[in-house]
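Look for subunit A in each of the two complexes below; its partner is subunit B in the first and subunit C in the second.
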Partner chain A sequence: MKRYVARRLLTGLLTVVVVMVLNFVIIHAAPGDPVRIMAGMEHPSEAQMEELRVRFGLDKPLWQQLFIYMGQVARGDLGTSYTYNTPVLSLIADTLGPSALLALTSCVLSFLIGTLLGLFTARHQGSWIDSTLSYVSYFFDSMPPFWLGLVSILVFASTLHLLPTSGMVNLRAQNTGWALGVDIATHLILPCGTMTLIQIPGYLRLTRSSVSQVMQEDYITTFRATGMSEKQIFRKYVLKNAILPTITVFGISLAYVVTGAALVEIVFAWPGIGRLMLNAINRRDYPLLMGIYLMLSVSVAVVTLAVDLLYAWIDPRIRLK
Partner chain B sequence: MRRLTQFKAWWRQSPHLRIGLVMFTLVALVALFAPLLETHDPYRLSAPSRMAPGGEWLLGTDALGGDIYSMIIEGSRTSLKVGFIAALISGVIGVLVGGVSGFLGGKTDRIVSEIVNIFLMLPTFFLVLMTVALFGSSMTNVMIIIGLTSWPGNARLMRVQAMSLKERVFVRSAEALGESRLSILFRYIIPNGIFPVITNTAMGVAGAILMEASLSFIGLGDPNIVSWGQMVYAGKSYMTSAWWVSLFPGLAIIFTVMSIYLICDGLNHVLNPKNARREA
Partner chain C sequence: MAFLELRNLSVDYLMGAQRVHAVDGVSFPVEKGDSVGIVGESGSGKSTLGLALLRLLGEPTAEVRGEALLEGMDLLTLAEKDLQELRWRRMAAVFQKSMNALSPVHKIGKQMADVYRVHHPEASREQAKQRALETLRQVNLAERVYTSYPHELSGGMMQRVSIALSLLNHPDLIIFDEATTALDVVTQGQILKEIQYLERELGLTRLMITHDISVVAASCSHVAVMYAGRLMEYGPTAKVLRSPRHPYTQGLLRAYPSLRGEKTGMQGIPGALPDLKEEIPGCVFAPRCPWATEDCRQRRPEEVTIEAGWRASCPRAVEGREPDA
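What follows is the complex of A and B.
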């Protein structure tokens, strides 16, 4: 177990280092002067350029600059966004709550609905419901999430006037307490529904194929031969074995919880990290963009690591391999 | 001839493969004969702004006066080009890296697979996005960057294949006969182990099409080229007054991506020895 943990920790750490190096290389390999890129404008003032040169040690050799940059990141200093005039880290921290709310809700919902639908189709393999659901799942799988978001705004917000088009709260209402919760929930329905619909097909197909695989195992045939009822076999033996891969995928999706919803956040003007990213791109705010990429990579690495360790703890086959 | 019978058997076996191939052939034909099918020049903005579908402009016009129908036809070329070139780049790199690493084994393999593991953990979309934002959003850049960031999955598949193939008798005999390692890799390991990579690369075509659409949607598409993603992006501000601008190109993306997914699913089905045995 100790060796397994150490190895996973090392990979996680290396990933973060690789991300820092990638950030550094991209900035320096991109066409144009790094100073102008970091300042986000063609003609930064002398004072700005001087500050950046000192900060990143731009007169020193490249490898020293890399270490300076890595040192700053390690101290939690991701630089300052020139368009917001605020430290990058605090900008990102402000968006994490809304992003996590949207992404976590849709992760859990799609896991539950997808797995249940998958179990249902697996029980009714070959039926018309099974084949219809299979094509519907491919349809949603092929859909760009942002497009589904736009269409759902068109249908439910602008045509039927059932739900708000965008944002997280009704700014005019100034709600507090219980009313604020209801307000956020109504704003959450469309973006969360979009994300959920997009993620359901994966769970559906995985559960279906995993169940039919387990059904073909010899021990299931043996149970059948003993005359055990089909229902009991399914509940007691198939379900437990077939659900494992689904839970694994759920774990992986938790790692991408913050990154996955970025485009949908943009469509619904959800005040999360996706919208911050869009602003960073539109305003050429590269320190902010690099900071977002770094934070996202770190969060993916950390959650993957946590999920891996949790599995190793649950399933001895993994840690002993 | 034998290949043809094999294909016929597959065709009969999987409805997904059948439907997917028909859909994809349609997209490919549209892309091939695009100039004949277009009713207006997709790059000329001559029509009135935001005309509803029907009449002279089959699927309406966008805010700048482009004909949606002709632009969708033209966009098929863009999507297929991005998809195939990006997937090809990622396939070639994946096969070479995975093949060499699995075949050589030892220290090389340990280092390479650690690198692959790290790359698999990186959030690809954001890396592509940041690189395109900094290097400029030309079509060539987009294709190359998608290709350069999506190879680790292919490498992992090829590596496993190479590891199992190198223990097989025919590879061992070639080794005993004194064939060079390079020649063994290219003549035996890669041709025999490439099939899972091909299916994965086909999925990569769909992935690249979706990724180009996503990049276009945040304004990082090539402004000199008509693409479905950019059409959706252009229509997003007019969703309530001119829904057709975003709706139709989105359907085109879904149709194309779905055809590829169905083909891949069908291929996985017919290539799975378990299913083949049941058929026989």
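What follows is the complex of A and C.
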């Protein structure tokens, strides 16, 4: 098991390095010139642009820039953002918390609710609850998250005045302690609810079909023949077998936690990393963009490893010797 | 009355407006200690028959008629509660795909202990474990199997596990549904020997559903030959296989090679299974039977008794002569 983990860590590290190189090349090859944007003028002078290029090292050949960047990263320095003029690391650190709060909460909530609903509908197939939930889930599944977000703002914030429209805290109130917690929670309801509703249908359908499939397995017939009660068969044997694909999907969605919520973050003016990323793209802020992508690939690698380990723990068939 | 008595057992699968007559009016007795081989080609209804006895056919899609009396109790109409009570204590089963016979993500021992405790809820963990180990020993498996997962064992070992599982709650009757089909002949031979030994030791009665006549020849006291859902011939294995009376049994035997004896040509039965969705008024085998008469096609043949405990549903059977091949 130790060797397995070590090997997986090593391949994970390798993947991250490869992704970094690819990202670097692709971002620099993309059209748009950061210098032009930084100059902030319709027609900046050649001299001004040259000055900026030299200052940010953009005058050197691409491969040289890549090596300089890799060297920096190896020393734990992600560079300085062109547009914010702040270290990339601190920009990411500031936005990571709010992003993780929003995305993790909705990931876990949708996983739990979706799986439970899936189990319920699988046990009551053909009932009116089953068919109602199936229609409702298609409804939410086909809805773009930013649109659902806008509608929920319109209904719950603008019309009913129940919840705040945007942001993560009420800046005027200057809350601390408990009050701050409550304040964040109220701000969290709409964006988190939006993302949860969008993600529930996937889990619901996956769990439902996974349960139906497991119910067809030969070992379920064996247990029925032994006189074991349906309840015991379901709780003890169907559940553990049926939950496996759900865990995979949960893992994948966790890996994209940080950036998957970008559109919802923008709709709700949530101070998260997704918003930071979109700004970085628009302004061709190379160091910031590279930093965010690096973060993303590291988090994908780590979460994939964690899910694989969890999987191996649950399913003995994929345990490696 | 026999230990197990099938009377006019029929199973229809309902597919929309259509009915597939999977098993059609099968009757035969099974005495205690008998081992009855149910043979037939694919689609002959033999597996459906087994599942009907175990009451494992889905209610809305399968309609079961007739009687299956286990010491006078009708298995087919037994109340759910009594059925659960009877399962595995009186009647157990070993299924075809032994590799899938147990959950892949639970240890074998844990599953066996769970099954034991279904009918012995008062038993402690340790008692359940001891009983499981006992049955594993009975089928010549090492104790380590108890803590293994199904994928860690070979097909033959899993087949033995399935047999051990069936023995857990001391059943009287075990139904083997193509239980040795997927095994190589050497393993199959060993397992058949072990089954016969256990049978004598524990006084078991066995139904052996198989398409392999050699399995029946090697391990069954009686044989029931099925074709297209109907019983063609039933009798003591030695007699039926040596001098088959029903033209279908004769054809089936000619289609098997023999290791010993003269070198004879193998011969298939021309034609194919009839469409079971259609009502067939006469003999189901008539379209493929070389001796079929107009009467055979029009009227369902009556069962004729060749001698006590040996009968066939063909008017030719009683004449007792092997037709010229």
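Throughout what follows, the second predicted complex is superposed on the first by the 260 of 321 C-alpha atoms of A that agree within 3 Å, B and C clash if a C-alpha of one lies under 4 Å from a C-alpha of the other, contacts with A are read in each partner's own complex, and residues count from 1 in each chain.
The criterion applied here is as follows: a contact is a pair of C-beta atoms (placed from the backbone, for glycine too) under 8 Å apart; a residue touches a chain by one contact, two chains touch by 3 or more.
Note that the coordinates shown come from a computational prediction; the quantities given were computed from them, not determined experimentally.
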Which superposed partner A:Asp315 touches (first subunit B, second subunit C, both, neither): second
First (subunit B), second (subunit C), both or neither touched by A:Asn85: neither
Dominant toucher of subunit A (residue count), subunit B or subunit C: B
Contacts of A:Pro144 with subunit B and subunit C, given as first, second, both or neither: first
Touched partner set for A:Ser158, first subunit B, second subunit C, both or neither: first
Partner chain(s) touched by A:Phe223 [first = subunit B, second = subunit C, both, neither]: second
Common interface positions of subunit A, toward subunit B and toward subunit C: none
Sites on subunit C touched by subunit A in the complex: 54, 56, 83-89, 92-93, 95-97, 100-106, 111, 114-115, 118-119, 149, 151, 162, 165, 169
Touch list for subunit A against partner subunit B, complex: 11-12, 14-15, 18-19, 22-23, 26-27, 30-31, 37, 131, 134, 138-139, 141-144, 146-147, 150-151, 153-154, 158, 216, 256, 259, 262-263, 266-267, 277-278, 281-282, 284, 286, 289-290, 292-293, 296-297, 300-301, 304
For the subunit A and subunit C complex, residues of the former touching the latter: 217-219, 221-229, 232, 236-237, 240-241, 244, 314-317
Residue ranges of subunit B touching subunit A (in the complex, touch as defined): 15-16, 114, 117-119, 121-123, 125-127, 129-131, 133-136, 206, 210, 213-214, 217-220, 229, 232, 235-236, 239-240, 243, 246-247, 250, 253-258, 261-262, 265, 274
